[in-house]
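Shown next, in C-alpha cells, is the structure this report addresses.
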Amino acid sequence: MISSYGTIIAGVAIIVIFSILSPGSFATIDNLINITRQISFLVIIGVGATLVMAVKEFDLSIGAMASLGGVIAAKMAASGLPLVLCLLVPVIAGFVIGFMNGAIVTKFKVLSFVTTLAMGTILGGFTFWFTGGSTIFENIPDSFKFIGQTNVGGIPMLSIIMFAIVLVFWYIMSQMSFGRRIYAVGGNEKASMISGINIKGFKNIAFALCGMLAALTGALLASRLGSAHPTGGNGFFLNAYAAVFLGMTIVKNGVPNILGTLFGAAIIGIMANGLTILEIPTFLQDVITGMIIIAALIIQKLGRDVK
Amino acid sequence: MISSYGTIIAGVAIIVIFSILSPGSFATIDNLINITRQISFLVIIGVGATLVMAVKEFDLSIGAMASLGGVIAAKMAASGLPLVLCLLVPVIAGFVIGFMNGAIVTKFKVLSFVTTLAMGTILGGFTFWFTGGSTIFENIPDSFKFIGQTNVGGIPMLSIIMFAIVLVFWYIMSQMSFGRRIYAVGGNEKASMISGINIKGFKNIAFALCGMLAALTGALLASRLGSAHPTGGNGFFLNAYAAVFLGMTIVKNGVPNILGTLFGAAIIGIMANGLTILEIPTFLQDVITGMIIIAALIIQKLGRDVK
Amino acid sequence: KETEGKKSETKKVAILTPFLSSVTTKQMVDELEKGAKEKGWKPNVIDTNGDVSAMASRMEDVISSNVSAIVIVSTDPNQVKAQIKLANEKKIPVFGADSSYIDGMALNATSDNEAMSKMITEHLFEQMGGKGNLIVFTHRPHPGVLKRTEILDKMLKENPGIKVVTEQEIKVPGPIENARQQMENLLLSNSGKDSITAVWAGWDEPAIGAAQAIQAANREGIIVTGIDGNSQAVDMIEKGSPISATVKQNFVGMSKIVIEQIEKVFSGKEVDDKEMYAPAELIQK
Amino acid sequence: MTLLRIENISKKFGSHLALDSINIAIEPGEIHALVGENGAGKSTLIKILTGVYERTDGKIFWEDKEADIESPRDAHALGINAIHQDRQLVPYFTGYENLYLNIDYPLKKSKLGIDWKKIKEDAELLQDAWGIKIPLDRPVSELTPSERTLLEILRSMMSQSKLLILDEPTASLTDKESELLFGFIQKLKARGVSIIYISHRLEEVTMLSDRVTVLMGGKVMVTLEKDEVTKEELIQNMTGGQGVALKEKTVRASKRAEKLLEVANLKTRDGMVKGASFEVYSGEVLGIYGLAGAGRTECLEAIYGFRDLESGSVKVKGTPALLNPARSIASGMVLIPENRHEDALIMENNLLENMTLPVIQSLTKKGVVQKKLEREKVQQEMKRFAVKAVSEEQPVSELSGGNQQKVVFAKALLCNPDIYLCDEPTQAVDVKTRSEIHQFLHGQAGQGKGVVFVSSDLYEILEVSDRIVVFSEGKTVADLQNKDLSPGQILDICYHFQKEAVFN
C-alpha cells in the first residue's frame, strides 16, 4: 500500500530531532500520549475529508459543521440530557446535513466547492442564532466530560476513539468493496457510471459520513473542553485538508487515504507540540513548520525520482 | 463567451429584489459606486486566483500574501517613502514569492495545495515578525492614502483600478495567445506539452501574477484604511475563491474566467451590501447568503438542462 | 521531583493567547514578557493564531514541559477547564490576564468589562441626550465584548428614548475594513439627517472603521465610541474625528498585577484576590 | 426469438439529429457488424443500448419483450456487455481492480473484506482460458493502449453475456492480438452469444460477420446478409455510392535526397528503447512496424523530446535536435500521438482551440489572436478532412471518435512540418478518410517532406511505406525497401528477433 517513503522519512527525522533537542519533555511516553490526544480531533475530521476527497469532491463546510456539532452537544448536555444522546444527535445532524450537501452536488451537478462553502455560511449563521453568539459552558455536567477527559488504562478515551475510527475507515476503504467503489468514482467517474456504479449514491454517502465525522469532532471537542464556542470548530478546516493532502504524498498513486491522513495529522501535531516544548516563538514556529512541510514534499519527490 | 445565463439571472433577480425592498438606499447611483469600491479588493485578488485556477492549480497563500503586501506598503509609507515605491515594492515581492510557489510546484511536481498552504504559514510568520504583531498606522502620511481614499470625477480610484485590472486580464485571457495557452495547460497538461507549450513557464507566471495581485490588494487595502494589520488580508482568501467558483458557473465550459470572477465578487458584494442596508441581523444574513448562492447554482443548472 | 526541577533552574513562565495579532493583547503580552524578564524568569509566548480550540493543546504542551506558571491572555478559561485541572494536578499555577476567573486558577487580572461598558455607554447616552438612533457593532463570540454588549443591552432597556437601528456582527480578521463597509452601507440606507445619531462599537477597531466611513461620506454629527484605548483610536480622538471617546483599558496595569502576584506565589504566599481590576480610564477630546 | 430489436430509435444532441429512426434486429448467436463513416452514429447507438445515453425516441425489445434500458446497470442485468470506443478504466486502479468494476468483488468468508487471493486466482484462470497475458498487478496508467483494450476484453468475459458489443476493439491492437480477439469472438458465437461488432477495418468485417448494417448520417442504409457482404459493396453503401478511389501503390523512386532525420543508437532512460537507429530522407514515407510493446511509441516520443534519453543522438536536418516539443515544432517536426485523449486533445476545449494550439503564436499580432485568420485556417482543414462537427466551436468531447482523430491530424498539419512523426494516425478513421490521409502523406512526401508512419496494421504499413524499419524489443532490427515484401517476411523478422532476445 504505502509506496513512497520520502514524507515518512521526513516525519521520522522530525521526531528524532525533537527527541534529541528535548529528551526530557518531548521524548516521553506522557508526551506521546498527549500528542495522540491532541491530534485526535484533526484525525477524525480529516478522515471525513478523506472520504469526500476520494470521490474527487470537496467539503468546505466541515469547520462550520464541527462548530455546530459542538454547540448542539453542549446545549443538550447543559439541559441535562445523557451523554449518549448528546453525541448521537449532532452525529445524526451531521450525517443528514452532509447528505444534503451530497444530494445538491450530485442531483444538480454543481461544484461541491461553492455548494459546501455556501452550506458552511448557512451553518455558521445558524450556529450563531442557536447560541446567541456566546460560548456555552454553564450547567454542563461532569458526565458530559467523560469521553473528552477520561483515560482508560493510561490512554485517553479520545485517542482510543481516534484509533478505532482510523481502523474502521482504513478497513472499509482499503479492504472492502465499498472503498474500491469510492475510489473508482474518484478515479474515473464516467467509467464508473458506465460500469453501473451508483456514483450519486457513493458520493452522497461520502458527504454524509464526512458531515457526521465533522459533527462528532465538534461534539468530542465540547466534551474535552467542557464548553462549546460558536466558531470553535472552524479552525480545523484548513488543517484537516492539509493533513489529507500530506497523506496523499505517502502513497504512490497519490490518492487520499486514511493512513496517510493519520500520518499527515501526526506531522502537523508533532510540529506544533515539539516547537512549543522547545519554546520557539510563534512566528518562528510558523516559518519552520511551513518550511519543513515544503522540504518534506521535495524530499519525497526526489526520493521517488531516484528510484 | 458567456453561455449560461442561469447564475446571471439569479444575480439580476437579487438586484431587483433589493431595489424593490430598498429603492431609496440600494438602488442609487451612490450605492452602486459604493459597491464597486467595496468589491474592488475581492475582485483584484480574485483575478489572481482565477489565473492560478485556470492552470488547474490552487494558491492558498493569497490571504497571507495580501497581509504581507499591506504591511510592507504601510511600513514603507510610514518611513516616508513615496506612494509609487510603497506600491511597487509589495507588488514585486508578491510576484517573486508567487513565482517561488510556482517554481516549487512545477520543479518538484508537488501538490500546489500543500505547497501554498505551507507558504502561507511561512508568510504569516514572517509578517508577524516584521510587524512585531501590531497594526501599523503611525506616521502614515496622507499622500499614501491617496489611492485608497480619492475619487476621480465621482468614481473612487479603487473602482477605476479594479476595472482597469479586470479589463487588462480579461483581454489577456480571452483575446491573446497567452490566455489560450494558460487554458490549454489547465485543460490537458500533457497534450499542451506535446503541442510545444512550456507548461512550467506558464504555471510559474500564473502563480507569480497571482502573488502580485494579492500583494497589490493588501497594499491598496492599507492605503484605504490608512493602516495595516498583520492578518488584515487573510479574510479575503475564502471569498476570493468563492468568487472564482461562482464565476465558473456563468460559462458553458465551466472554466475559471475573469468576467465570471468579477460577477461572482459582485454577487457576494451586493448580498452583503443589500442585506446590511435592509438591516438584517448578521446571522440571518449568513443564512440568506448561503441559500441564495445554492439557489443560484441550482437555477443555473436547471436552465441548462432544459436547453 | 517536580519541585526539585523548579528550584534549581530559572522559573519558566508560559504566556498563551489566541489573539496576539490584536493590538491590545500584544501590548499586554509585551508587558508580561518584560516584567518576567526583569524578575529573572524565562517567559515563553505562544499564540494560536485565532484558533481558540488549539489553546487547549498548547497548554497541555507547556504543562508537560513543566513550566513554573502559566498565564492565559484574553482567553475564556472555560475553554481550557480540563487543562487548568491538569495544571493543578502538576501544581502549576494558572493566571489570567484580561480573561475571567474560574475555579482552579490562581487569579485573573482584568479591566472590569462591565464597569468599562457602563462608563462608555453612560458617556455616549449623555452625549446623545438620552434619545436618538444607535447602531451597534459587536462580536458576541468574544467573552469580553459579549459582557460589554450585555451591559449595553441592559442600559438600552433603561433608556427607551434610544432606538437601535441595527446590531451587526463585525467579522474578524479584518474588523476595520469590515466595519467600514458595513458603515458605508448603513449610511446609505439611513441618509436622513438624524437617522443615525451614534455608533456604539464593542471595541476600538470597528469604531475606527465606522469613523472612517463617516468621514469619507462627510456626514456630520454622528458620534462613535469604542472601548480599549487602542493607540490608533486615541490618535483619532485627539485629531478630531467622529470617535468621541474610548475607555482605555489599563493593559499595562493588568500585566503588572499578574507579575506581582506570580512573584508572590513563587515565594510561597497567597494571592491578594481572585479577581483583580486594573482601573480603566475614559479618554475623550 | 429475436434477441434484440431496435425500433425507430432516434437521438438528438441539442438540435443535431445523430440517430434518425434506426431499425435493427439482432438474432441469437449472430455476429452483426455495424459500419459507417465517422460520425454516422454507431457509438451513439451503442451508448443507447447500454443505457449510457437516453434515447429521444423509439423502442427497444429484448427477447421480444419491451425493455427499458435506463442505466448501464439495467443493460448489464439483461446480459448486455460492451467495450466502448473510448476505454473506460480507472487509471490508478490495477488491472485486477478494474476487472471487477462492474461486478461484485468476491468476499472473504467473513463477508467483510475483499478476497484478493481469489481475485488473483480467478483472473489467472481467465487469462489462461483465453490466452491473454497482461500485467494485471500494474495500474492501468502504466499499461499501453493495446493492453488496456485487452483488459477491457478480459473484463467483458468476467460476466456471462447474451450480447457483447465491441466498438472498434482492434483500433489499438496489433494483428496478432486481433487474431486472438477473432478467436474469442468465434468461441463466444459458438456458445450462442450474439456480437455487435463495429470496425472501420472492412477486411475484418467481411471475414467475421454474419450480417452487416451500414449506417450513414444517422440512418440505416442497408442490412446485408453474409453472402452479399464484400468490401466494395460496403464502401458503396457507406459513401452513398461515391466509392473510394482505392489508390494503386505508387513506389516513388526515392531520390535519397536530403537526410531529414537521423536517429543513432537511441536508448531511453526507462529502458523501453534499447537501441534504435534509422534515417528519414526527404520525399519518403518510412513505415515502422513491430509487435505490441516493441517500443515504437516510446522511440517517437524520445525523438520528439518528452521521454528522457540515456544515450544516442537525434539529428534534425543535420543539426543535433534539442529534444523538447517546442523546439521540435520550431525545427519543423511534429508528432501525432497514439493516445488522442490523453496526449493530443483537450477534450473540453473546442476544435478551433485544439487545432491551432501549437501554432497560436503565428496567428497573433502583438500577442493578440487574429480570430478571423484563425477561423479561416481551421475551417479550411475541417473541410479538407470533412470533419463532421456543428461548428469549429464545438467541444471535441462531443465529436465521434473518428472525427476526433481527424482533428488530431489536422492540428499537426497546421504546423506545416517537414517531418511527420505519425503514431497510428489512421486509428478510428473510416476507410475513405484513411485513404485520404495516405494520399495526403504521399503528397507531402512528394513535396520533399519526410514521413514516419507507425502502424500496428501490417497491411497498412505495406500499403503506404516506401521503406520499412522493424522494431523488436526496443531495437531496430531491420531496414527494408518496400519492394515485393510480403507480410510473412516482416512477421518472420519480428518473431525471429523476439525469440533471440528471449534467449539472450
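To keep things simple, chains are lettered A, B, C and D as they appear, and every chain counts its residues starting from 1.
The rule we apply is simple: contacts are C-beta pairs under 8 Å (C-beta built on N, C-alpha and C of every residue); 3 or more make two chains touch, one makes a residue touch a chain.
Because the structure is predicted, anything quoted here is derived from the model rather than measured.
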What is the distance in Å between the mean C-alpha positions of subunit C and subunit D?
70
If you average the CA atoms of subunit B and of subunit C, how many Å lie between those two points?
32
Centroid of subunit B to centroid of subunit D, CA atoms only: how many Å?
44
Touching at least two other chains at once: which residues of subunit B meet that condition?
124, 128, 133, 282-283
Per-residue multi-chain contacts in subunit C, two or more chains
20, 47, 49-50, 169
Residues of subunit D that contact two or more other chains, please.
none
Considering only which chains touch which, label the overall pattern as line, ring, star, complete or other.
other
With touch defined as at the top, which chains are paired up in contact here?
A-B, A-C, A-D, B-C, B-D
Which residues of subunit B touch subunit C once you look at their complex with the stated criterion?
22, 24-26, 28, 30-31, 34, 38, 41, 124, 128, 132-135, 137-138, 149, 221, 224-227, 229-236, 272-273, 276-279, 281-283
Residue positions on subunit B within touch of subunit D in the complex are 175-178, 180-181, 183-184, 187-188, 190-198, 253-255, 307
Interface with subunit B, subunit A side, in the complex: residues 60, 104, 108-111, 113-115, 117-122, 124-126, 128-129, 133, 238, 241-242, 245-246, 248-249, 282-291, 293-294, 297-298, 300-302
Subunit B touches which residues of subunit C in the complex?
20-21, 23, 26-27, 47, 49-50, 165-169, 171-174, 176-178, 180-182, 184-186, 188-191, 208-209, 212, 216, 231-232, 235
Within their complex, state which residues of subunit C touch subunit A.
12, 20, 42, 44-47, 49-54, 56-58, 60-62, 64-66, 76, 78-82, 139-141, 143, 146, 169
